[in-house]
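Here chain A shows up in two complexes: once beside chain B, once beside chain C.
What follows is the complex of A and B.
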């Protein structure tokens, strides 16, 4: 961790227009929870559906994409990253710091609102609120790492990220059971299921797979991002 | 400290940006001169550790530059792109640079660096409100904050007003005189001449010439010059000029005379005298190939002979 890198990164992400998306998505989640409460469907089943389809299924990957790529890709695009890279700081430290910033933003903008939304509906009945909050936190950490790596290796990080989240996780994962094993949001649900005792919800990936998968993907992505940053080439305007 | 390039080439796909360049940049001010697109930025990026040579070696005092972040203890880099965080104030930007270098007293170092570029008055403003010249100066301050032995500047005088330009030139000269290794790139000969003791000329990716400014000037003036001359009697002037050895070829066209001057000095001395003796009034003498491109293309063709 480097506090100067972290400080600049927070300001860069939170000062850009994309911070509005970072706020809008959880606001929609809490708005939906309030709406469900207003029409009286404050039951466990509706809460689980909201958590699965919106909180984990939609909001989390999108926030992961915004925070994960947002901490590094714009700086590589406009060349401002040169200010950080032309310093005697190891590049893996810079990558790790950027990852921590992205992960912390996902904790604030994804995990906390997930808990709040479920709690507004059914308090912590059947451990759904805390379960999905944990799932969002761990899934958020994995997304932060993967999308940070994407932001370093390609200039089309956002496109590829959306294709992964929408096509692979939601479409392919919906029809091909095996594909669910390689889906961060499925792993997030696995962790949610550890705390949740709800009968309306059963994770399709076991802990025996999800725990090593999250660890390998997260650590592997951050390490790889650090290595890629070591050989980042900047070309002039020529 | 010395930056050494050994037979460095760099290509992008099939395009060769830098072709087999060997040079040593030592203490003092070196100017990297070349037209736009000559590969100056590519070369500078390889010296700064932001680009790997495709072949050859780039070292700083014998240590490899590529993938070695320790070199930034000794190197300060001023990139050409306006790569600055617009949301930071000038003070915050330079201070962050000092902190990233883990200097003992970052505030003092930042204040000193900002004073060197005369940016104290505007340091509390956000960089996005700065003019191009101010951004340039704040980048120089951020690069100088750790008092580096080596300073690399990519087109540093671009976008500066004349007063700022002179001030930065003085600063660069002072730093060079103090024994630092400074390299800056420019496509303007006069700029390089005023600041650099050593000039390296890069044309189309090749190291075309090397020397002090007198040497480069001499190579640029001792070459065939082409002039367009218009006068009251072109035919008569042509006949008078061709009698002297300094005018190589004289041709008569609709737009006047075209004279190839072999000996530049003698020709400029000769023309008014010949015209006077022949009773011809000279209306216009225009150099036809004085632009930098032709000077450079002369230099490159000369270097391959």
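What follows is the complex of A and C.
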């Protein structure tokens, strides 16, 4: 961790239009929760639907994409990363710092609103609120690491990221059960299932697979991103 | 830094020392093709760029990969028709089934159309020619709309050709095919105006991609959550309205109302006033996006 790099990264991500998207997504989640309250469907099933479809299925990957790539990809894109890389700071430390920033932003913009939305609907009945908040937190950390790595590896990080999130996790994962094993949002649901006792919610990936998968993907991505930064090429393709 | 040029000594006896040499620059005396031609050229250039033609090999991967994925159901359907003599994917359902792919294509390619020109501040170069801001916006919108139309219409046409060749028992679904083609125009215009308008608000490509896909995912997730919850409390008529939040189902509702095709969702669309409302909603969204685009470029051109 390097506090100066962290400060610069926070300012870069929160000071631009990017922050509007980061705020919009959780605001819509809270708004949906309030709407469901207003039409009187404050039961477990509605809450689980909201959490699975919106909080974990849509908001988490999008926030991970915006925060994960946003911490490093714009700098690589316009070449200002060279000022950072030319300082006597080890490149893995830079990668770790940027990952920490992205992960902390996901905790604030994804995990906390997830808890608030579920709590608005059913308080902490059947552990749904705390379960999905934990799932969003862990899934958010994994997404932050993976999308940070993508941002370092390719200029088309956001496009490849949405193909992973939309086509692989949502489209292929919807039809092919095996694909769900390699989907971060399914791992997030596995963690949510550990705390939640709701009968309407069943994770499709076992804990024995999800824990090592999250650990390997997160640590592996951050380490790889650090190694990759050591030999970063700035010559772009367009 | 050069030394300051000494002021010429006053006096009529000094001859001027500077000479302008004629080094052969010539005026252009040929025909000028004018504004319409410039508009056409910019549209064609943008359309080629959307598919990566005239750009690097890397820029071609994504559009052609997605176009290939769009073709898959058509190929599979033809195989199904030929092997087991059963009708494949119906034409009116094609775009709705492939909505994720279309959304990814829109998100990935619309920032290319507008972001580089804004980022490198080359807009004044376009506007120093007969092209106006309106022309520029029209060309970019037309390019994206044409690209999306090709993306939907090509697999439909292949599928229709396949159906005619396989010659299943019963008449071919010609009405469905033309209905789907007409709807493809609506999809193309609606989606391209949303995508290009959103992408034009940021000069950064990555953020443009993220905001276009975020809007699609937001609308589809909100619609899915509301439909799921409303159906589970048996307020089915309210649920049929909730489908319309997703732009793809909104256009599908227009298709159902105008052409009388089968709805491609669970539970159908609101009956009665629902169809006209869907048409009005589509027109309103297009008008809103085009207005936003024109205002955006008026501001960008003056700055």
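Throughout what follows, the second predicted complex is superposed on the first by the 234 of 238 C-alpha atoms of A that agree within 3 Å, B and C clash if a C-alpha of one lies under 4 Å from a C-alpha of the other, contacts with A are read in each partner's own complex, and residues count from 1 in each chain.
Everything below uses one rule, namely that a residue touches a chain if its C-beta (ideal position, glycine included) is under 8 Å from a C-beta of that chain, and two chains touch if they have at least 3 such contacts.
Predicted, not measured: the structure shown is a model, and the values here were computed from it.
When the two structures are aligned on the shared chain, A:79 is found in touch with chain B, with no touch to chain C. In the superposition on chain A, A:50 makes contact with chain C only, not with chain B. Contact with chain B, but none with chain C, is seen for A:8 once the two complexes are overlaid on the shared chain.
Chain A is touched at more residues by one of its partners, and among chain B and chain C that partner is C. By the document's definition of touching, neither partner reaches A:207: not chain B, not chain C.
By the touch criterion defined above, A:216 reaches neither chain B nor chain C. Contacts of A:230 after superposition on the shared chain: chain B is touched, whereas chain C is not. Applying the stated contact rule after C-alpha superposition, one finds that A:163 touches chain C and leaves chain B untouched.
When both complexes are overlaid on chain A, the residue A:34 reaches neither chain B nor chain C. When the two structures are aligned on the shared chain, A:89 is found in touch with chain B, with no touch to chain C. Put simply, chain A uses residues 237-238 to touch chain B in one complex and chain C in the other.
Of all the residues in chain C, the ones that touch chain A in their complex are 55-56, 58-59, 62, 100-101, 103-104, 107-108, 116, 201-202, 204-207, 209-211, 213-214, 217-218, 220-222, 224-226, 228-230, 232-233, 235.
Of all residues in chain A, those touching chain C in their complex are 16-18, 21, 24-25, 28, 32, 35-36, 39-41, 45-46, 49-50, 53-54, 57-59, 62, 65-66, 69-70, 73-74, 77, 156-159, 162-163, 166-167, 170-171, 237-238.
Looking at the complex, you find that chain B touches chain A at residues 12, 17, 36-37, 39-42, 44-45, 48-52, 66-67, 69-73, 75, 77, 79-81, 83-85, 87-88, 93, 96-97, 99-102, 142-143, 154. Considering their complex, residues 2, 4-5, 7-8, 11-12, 15, 78-91, 230-238 of chain A touch chain B.
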